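Below are two complexes that have chain A in common, paired first with chain B and then with chain C.
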Partner chain A sequence: MSSAALSRWSGNEMQRRVSKRYAAERRFKLLGLLAVGLSVAFLAFLLVTMLARGLGGLSATFLSGSDSTDPALAGVWGALKGSFLTILVTIALAFPIGVLSAVYLEEFARRNRWTDLIEVSINNLAAVPSIIFGLLGLAVFLNVLHLPRSAPLVGGLTLALMTMPVIVIAGRNAIKSVPPSIRDAALGVGASKMQVVFHHVLPLALPGILTGTIIGMARALGETAPLLMIGMRAFIAAPPQGITDPATVLPVQIFLWSDEVSRGFVEKTSAAIIVLLVFMLLMNGIAIYLRNRFERRW
Partner chain B sequence: MTQEKQPITTNSAVPFPSTAVAAEAARDDAGIAKEDTAWTDRPEPAAGLAPITVAAPTPEPQDTAEGAPGRAPKMRADSISVFYGEKQALKDVSIQIHEDRVTAFIGPSGCGKSTFLRCFNRMNDTISGARVTGRIELDGEDINSAQMDVVHLRARVGMVFQKPNPFPKSIFENVAYGPRIHGLADKKADLEGIVEKSLKRAGLWDEVKDRLAESGTALSGGQQQRLCIARAIAVDPEVILMDEPASALDPIATAKIEELIHELRGRYAIAIVTHNMQQAARVSQRTAFFHLGELIEYGRTSDIFTNPREERTQDYITGRYG
Partner chain C sequence: MSLTLALAAVLAIAAAAAYLGRNKAAGLRGGGARLNSLPSYHGGYVFLWAALPPLLLLAIWLPIHNALVEQAVSASPAGQQLPDFAMVREAILTEAREIATGQREAGFNPESAKLAPVYRSTMAHYAWIGGGLAILLALAGAAWALTRVRASFRARSGVERWVMGALVGASLIAILTTLGIVLSLLFESLRFFSMVPPAEFLFGTQWSPQMALRADQAGSSGAFGSLPLFWGTVFIGAIIAMVVAIPLGLMSAIFLTQYAPAKLRSVLKPALEILAGIPTVVYGYFAALTVAPAVRDIGINLGVGSASSESALAAGLVMGIMIIPLVSSMADDSIAAVPQSMRDGSLALGATRSETIKKVVLPAALPGVVGGVLLAVSRAIGETMIVVMAAGLAANLTLNPFESVTTVTTQIVQLLTGDQEFDSPKTLAAFALGLVLFVITLILNLIALRVVRKYREAYE
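And now, the complex of A and B:
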């Protein structure tokens, strides 16, 4: 009996079976490694070419100057400040409105045909091409509301429209994943609905909400198309002083410089890309730090 | 500690701790005055079991299964039915919960006992599609009326859940949360006093007094559940509902919870849902047996377990199904 069992587990047939399994595992690992290698290789290629071409262009004048027709004088400061102001407007609008929408839809709204419709609309909105948002901004903010053309205010508004659905979707998922037992516990000691949401659900959902916000903001920061539509592609030689001054943003600046015929701008383009990547990295770093700080286990 | 260790070694017919508790409770229920002579009447005098210190029971002369006449029950449920959508989970159940007694709801899974418990503090409001009909009174007041604020109701009728669910906050914050939102303490010292008193009543103070700032979720399961009980009693409720409070705990932690329930009796009206029939026998004075959404039998725990009127009750408590 036991010898039969022994031969069953140590026989040639079983040995072959086991080695086949291990071979499959090795092949899968190799495939995964290849996939990772490919994406890393592209990233490395981008970084290396950018650094090789652009590092020489990074100088004090480049970082402190604004756009100029002379490549030797052209700088990125104006665009950087424009980007910063635009993203500030976007965060200030999209984050609170997005989170409030998510909380309302998830915690307070009755589930009926209207909320279903809203849910579908929001999901669709997140997938709408950004150029459409640009046209919307042009039509509403410039032609109807007569807000200043080329201003970070309008750019931020437009990008906020685009980012909000992303935040709403991420926020709803994060709120959904808060265990119902926590809600029960708070309700059980007599907390009101508002108190349950603001004392317990939101703090626990915050890491997830911030993750969605990071993704949305990173997308907004790199966005070019909608900003072209609202006039942020103009040649602006002075950095904006406020959110209503004409300005441009980093990705648009990169787009504009890459179109220039003068050879001096090739280096400037690469240098601006480096600045944009660093800016993005910095923003994501802050967001990830915030997320980790708020992360709690239950 | 000795109280929970001793009984395990005894060979009484009731297979698990606090035999004395159940026996004492039964006597108490039968209206026998708490005298030393009463101990000689006990059916199973478990040797070596000292009578556990018990909150002085209020005398209940002329006690009937429906409650002492002339004494209004703390909560009264009158022909309660609960529907989840089309499905009727509870059929026309009427019951009373008394101030100084523990009422146990027993029955097989899905019999509606937890659903029924959740009617008493309107937790079923939070379940979409749930509909409750009938009348529940707290001190004669309809809890579903417009005058009754659900937030106040839940402060007066506390709840302990099946799975320990401390907030992912510090131990102190867990207990202080209720008093804080209800404005029960103005000064920090008052709040600290409430937290200490609640943790002491929940039998947790000695274990956590040096680490009140640590997270409540870092405690063991049994400690977490006692923390939840401390959280519930911190707002000084009149009734405590317990939904299988010990089902996720090991026997030692369970014994501690049972002991605690026994100590809390007399201060709060307690209703407890349990799967464990021995537990019902040990901690309760009233037992309600539910089956398929119906209340089959309700009466003194001693009667239900020794002399049930219904065959289904008999079958369930002898383990023929459930």
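And now, the complex of A and C:
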């Protein structure tokens, strides 16, 4: 083919080339749509399967009962209460510690070897596999400190160490996005550095911090592996009364029931998954609402 | 007096002292003095000095208290009659403690009822010492801080010093956690390696950690060659899952950033975020219940006789889908960071959009994408629940995706659940596996973060 033929737009040669390239363009776009569509279809398939299998298992006895060897009597209330107590311990520890260290790193820390070390630790902890935190909990909280096995206290401590880095990273981003003019104005009228942070910067950064915290808590709520390590997998027929009672949590309950061969438990497992997913969606929904309602663009 | 009571007393003293301090400062101001700090800061200063030292003392005292009580009870005449066998002894002591604190009515062992009053009296004895010390400290702190309330006193700086201490302390917890992970894994692993040589652990191909019941039984020593586990982990997490996640995640990111109209994007993006938020135990259940049987049937139809219902393929597929949102969002970030001018230049030369993406945008975004993929691999090999529920327990060195393989995380869960004896190589092996897993993910994360950061700097 000659170069003269190629530079003539109306020529057959050129038309064929152009249509070939346009076809490739359409194929590429379709491939992209297919990729997203496949992921979303999988999500839909998963949700529909769980709903179809589990909706029949949702009943008043299921929501108010505890674990039982008889599938007809088994319920999620005990596991739900265990989850609730565990998350309570987690939030009570991870939120203040996470916010305080975010404030320190973003507002006060001078750049030196120590703060670099803290930063590297936090970034790494955020990516450490969750099961490693379970090993830490087993070795330190159970074998060294002799805290009670299977208790929400130990589960909450372990999950707090796991979610703390998430809160620190979200908190630092939220604090960073508060414009320096706010700080300058407060400093200008004579506030101390501490007053600037706690009276002005922190309240403005709070929606962002809360969004990150809720997402971290949702992750902690769905976490299973570290809690298996510290023994929260025992058969527990009575709901826990306090944070030192033996307990199990909802995801672990799902895992335990999924191992049961009895046919009735297949329905129970799916029903428990529906309950768990409802809680996850609720928490993520609150986080998205907070982000849209309160987050300011400066 | 119990330690809880002492705690309440300390807080009450501190609150009362804070009230006095605040009033004293307010009085000074009423008398015409010009205060350096607001009265509430004076109150806060007094409160911190009255409350924090005794609280710290109580926190340190508590573990010492329990040890002292245990020792004193064992040394008492009733305690010396206890059987020597450690397990029975522990059980009786625990029961006695529970009876003494009113957590239970009566124990299974008759000795515990006899021991309970001894327990109660020694506990009260030591609680008096610890609680009394704490209250004295609270009173002393309150009195000292109250004498410092003067017009010229900089109470605010004093309060802020305490707050600064809290900030530093909170950020040190991250370092302590890292240190705790490294030390606990190292310590237990060293004990394991004193029983099993490291070379055998790292390069051996036989994995059967079952400990025999009798010492003379065949195969009583167990085999701890972890190579098949690491192969299984890499096979599922880094090969099968990535074959699914990289093309789908990358194409999703390209479609969402380059092609999708804003309205469609505002629906699809949250859907992907939901996919990322689903607990892994749900994925695991789905993999075991729905995907695994389908994969086995396909395998049998394809003529693979050894197709297992706990195949590597089922676990890897589901794990790949779990990773899609992560790959997609990392690719999204790095594509968005490619300067618009490069894209415009390519389009102005007459390239179509797909040609621009393939020849200009992707090569420019490649380091960011590679960093994202490394993070995804580290996430996948540390993932536990999907493989525990859908992959098998058989340690096979196989390339056949329809066969069953096992992974590091599956074996950690397997080794540490159920009856455990803490000194056996079986449980210690879990910590050695954890150590190797920790080191691998750490290295992957460090490389990934460095690659991503370097790439971002190149365009800023």
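Everything below uses one rule, namely that the second predicted complex is superposed on the first by the 244 of 298 C-alpha atoms of A that agree within 3 Å, B and C clash if a C-alpha of one lies under 4 Å from a C-alpha of the other, contacts with A are read in each partner's own complex, and residues count from 1 in each chain.
The definition used in the following text is that a residue touches a chain if its C-beta (ideal position, glycine included) is under 8 Å from a C-beta of that chain, and two chains touch if they have at least 3 such contacts.
The structure presented is a predicted model; accordingly, all values stated were derived computationally and were not measured.
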item: Simultaneous placement of chain C and chain B on chain A, clash or fit; value: fit
item: First (chain B), second (chain C), both or neither touched by A:Val103; value: second
item: Chain B versus chain C as contact partner of A:Ser64, first or second or both or neither; value: neither
item: Which of chain B and chain C A:Ser19 touches, first, second, both or neither; value: neither
item: Which superposed partner A:His200 touches (first chain B, second chain C, both, neither); value: first
item: First, second, both or neither for A:Ala191, with chain B first and chain C second; value: first
item: First, second, both or neither for A:Ser177, with chain B first and chain C second; value: neither
item: Chain B versus chain C as contact partner of A:Ser262, first or second or both or neither; value: neither
item: Partner, of chain C and chain B, that touches more residues belonging to chain A; value: C
item: Least C-alpha distance (whole Å) that remains between chain C and chain B when both complexes are overlaid; value: 7
item: Residues of chain A at both interfaces, chain B in one complex, chain C in the other; value: 192
item: Contacting residues of chain C [partner chain A, same complex]; value: 63, 156, 160, 163-164, 166-175, 177-178, 180-181, 184-185, 187-188, 247-252, 254-256, 258-260, 268, 270-275, 277-282, 284-286, 288-290, 321, 324-325, 352-355, 357-358, 375, 378-379, 381-385, 388-389, 409, 412-413, 416-417, 422, 430-431, 434, 437-438, 441-442, 445-446, 449
item: Complex contact set, residues of chain B against chain A; value: 121, 123, 126, 128, 151-155, 158-161, 163, 165-168, 177-178, 181-182, 217, 228, 231-232, 234-235
item: Residue numbers on chain A that touch chain B, as the complex places them; value: 111, 179, 181-192, 195, 199-200, 204, 296-298
item: Chain C-touching residues of chain A, taken from the complex the two chains share; value: 21-22, 24-25, 28-29, 31-36, 38-40, 42-43, 46, 49-50, 96-98, 100-101, 103-105, 108-109, 117-118, 121-125, 127-133, 135-136, 138-140, 143, 145, 161, 164-165, 168, 192, 194, 198, 215, 218-219, 221-225, 228-229, 233, 251-252, 254-255, 258, 266, 269, 273, 276-277, 280-281, 284, 288
